[in-house]
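First chain written, first letter: the chains are A, B, C and D, and each begins at residue 1.
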Amino acid sequence: MGSKNKKIGIIVSLALVGGALAYLALGNFGENLVYFFTPSEVKAFDSGYYQKKVRVGGMVVEGSMEAYADRLGMTFELTDGEATIPVTFEGIPPDLFKEGQGAVVEGFWTGQHKFQSNLIMAKHSEDYMPIELKRAGVELPRKDFMKSLIQ
Amino acid sequence: MNFFNVIRWIVWKDLVTELRSRETISSMVFFALIVILIFSFSFSMDQQAAREVIAGIIWVAFAFTGIIGLGKSFSAELQNDCIEALQMVPESKGAIYLGKVAANFLFIFVVEILLFPMFVIFFNLDVVEEISLLLLIFFLATLGLSAVGTLFSALTVQIRAREVMLPILLLPMVVPVMIAAVEATKGALNGDPLPMYSQWLELLAIFDVIFTVVSFWMFEFVMDN
Amino acid sequence: MIIHRVIRKVQRFQGWFGGGAALCIIAGLYIGLIGSPPDYYQGEVVRIMYVHVPLAHTSLFAYIVLSIGSMWYLWKRDPIVDNMCHAVAAIGAIFTTLALATGMIWGKPTWNTWWTWDARLTSYTIMLMILIGYLMLRTFIDDSEKEARYAAVLAILGLVDLPIIHFSVEWWRTLHQPQSISMRGVSISSGILIPLMCMSIGMSLLFSYMLMVRTQLLYLDRLLHAKKGRLMSQFHMSKTDP
Amino acid sequence: MTAIACQAISKSYGHYEVLHDISLTIQEGECFSLFGPNGAGKTTLLKILATLQRPSEGRYEILGLDGLKEKETIRANMMFLAHGAYLYDDLNAKENLAFALALRGQTPTDRDMKLALDRVGIGAFAEMKIRNYSAGMKKRLALAKAMLAKPKVLLLDEPFTALDTAGTEIMREYIRERLSENGAVLMSTHDHDKARPITSRAGMLNQGMLKEISLEALKSDELF
């Protein structure tokens, strides 16, 4: 290939890759590629999503946790600050699963607007501080969980 | 321009030898048939359960079949040391790359078209409405597979243990193609609305563009010292 | 060539890198495991972070070094750059394996799962597979020039592939927490930050030290092979010459 | 003008150095014959000069062009008849010729191809698949390819193996024709009787080292 043709080749290549990368970066289609949905999104699901396995992430609402009396499992509510959804869970939750903390649950959004789950994953934030400081009421500069939920 | 002539002649040569020997396509088809049969023996499924996993099965079968075709593409050049003649072509090696990608794409795509009815029969799929969309998914994913696969075929054919190294190097690289193809196929077979999985088609197209360009330039270093 | 001069200069301080690494890692482990307080949320489990995070950062850095080195090799064809790439791939594979293992040990008590196909985990796994494929590829080629060329091609393709893999799994909102130290500020209190920084610096120094030693080893090995081959052929020549 | 000039070329595979410090100059119109026992490195040297392999050390020029940088121009003016004939088993003789020359950017007419095939004596098998050819016929077809390509520099690896007496004469006649048109030829062979009539200079390659030998020495059998 002559050097002139090589130049044309390089320009075409750069244009193609640049265009693809720009589309990747500027296009908004990345929004749909998520590991988990937020409760507001779940509430807006149409019937196409019923009975499909999805993951939902949010904060466990304080005081909403209620264990079943007769079997393993519980109900609780999950919120993203705007919308709140009820979750029923069967099984043993992880140790770090607590009220007021983040969690990702896997399961189905039913037509009755309840989330049925059998797997809870505790999501922790990127904040780390000693327990004494926390007891003394020291807060890190930003709000604990929400920033890692919505970057 | 000689660049495009070389592309044309490479495609012509691969098609003519394939039409006369029928080695690649027949071995691919029979291999894939065996894979389909084994899958359908090992999962005896109702239609609902099949929907969940069928997209994955289809693409596992297509990827393995594709690897057979891609491996043959350059191992055929080893007869009478023809690969050395390709290395001595007084033209950018990218022309050979594009010709080979076109031929490989054609072979794999034809095999996929031949095999898809088998999946429909063995797994009781209902695909009439989505057929054109499925063809588009096959087209984009096969292009991505052959773009990377042609490069690795040329690379592994010139080293020891070539049959083992082709899948070992190729499969990790095409993970994005496999993820996107499976997700899009799943969406199409479920009859989901297109916007729910159109981003996977876009991702396939982006992968195709980027990898064809990068492999085009890297092919120079694989075929030439 | 300039790279040889740079390597020779840096290598004079090789001992400092090794010593610094030992010092930082011993201090970091002591503060991290004994001296520092438990986390308010994760408790004692947080201590795995002192090993996991530095390993993960270093292995990512190793891949970046590998791909830059590979591009440089294809451009300049300097064999010592290839020795460096070979060295960094082996060390990177070890660091990546350890980062994944410690991550799994951390994930089980905190997330309640050993493994999930989250973006960061997936791309690290593929990175490890590419590195292993890279090291395997190198053992199957006799011609060292060809070996270097093909290995570089593989590394560059991986460099293009890894962001797309990361992207194609999930773009944002992953189970993995975001980075604690970023443009937006630091969200670690100092009692936990100090051992983490100590370990990070120690691990980077350890990586650099290992890289220097191994590059040197491969370089000398290559010279030795060349010398040996030359002596052998001269020996045969003297026997067959009348 | 100098056709081939290589300076201090070395090549090693792993532990073994195949070529050691080879320097060689061949002028236009010269035929250099390379002799040596099996495993002496003849094929490796030819492959390096054919731009198929990169030397571990040293540099070379062909027609005044740098062998590591201006490979594409060199290739357009050079032909390498290697041990493998570079032919596709499922194509016939004419298709093989057309394909090989098209890759070089040449488009021979049907008549040219027929003439070349007749000249090497396989015109009757022009439409036959190469798969059914004998080794000697394949060699003749490769020669026909070189006749159509008309290269300025011709590299030959064992040109006389598999050829019968008539085939050997056709090969020698073709080499003489290239030399008369100011081409340069470098060939490796161990058959000094067949090579002597066309050799202008000769060299002995042994254990990776090259030593030039006189034409008189070629006639005596002591060397071999």
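Criterion: contacts are C-beta pairs under 8 Å (C-beta built on N, C-alpha and C of every residue); 3 or more make two chains touch, one makes a residue touch a chain.
Keep in mind it's a predicted model, so treat the numbers as computed, not measured.
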Central chain (by mean CA position): B
Euclidean distance of C-alpha centroids - chain A vs chain D, Å: 67
Separation of chain C from chain D, taking each centre as the mean of its C-alpha atoms, in whole Å: 47
Chain A-chain B separation of Cα centroids, rounded to whole Å: 34
Geometric centre distance via CA averages, chain C-chain A, whole Å: 30
Junction residues of chain C, two or more chains touched: 142, 145, 167-169
Junction residues of chain A, two or more chains touched: 1, 24, 30, 33
Residues of chain D engaged with two or more neighbouring chains: 53-54, 72
Chain contact graph, described as a line, ring, star, complete graph or other shape: other
Touching residues on chain B, where the partner in the complex is chain A: 1, 3, 91-92, 94, 192-193, 196, 198-199, 202-203, 206, 209-210, 213-214, 216-217
Interfacial residue positions of chain C with respect to chain D in the complex: 142-145, 225-226, 228-230, 232-234, 236-237, 240
Chain B-touching residues of chain A, taken from the complex the two chains share: 1, 5-6, 9, 13, 16-17, 19-21, 23-24, 27, 29-30, 32-33, 48
In the complex, chain A residues that touch chain C: 24, 30-31, 33-36, 38, 57, 93-97, 101, 104, 119-135, 138, 140-142, 147-151
Residue ranges of chain D in contact with chain C within the complex: 12-17, 20, 53-54, 56, 206-209
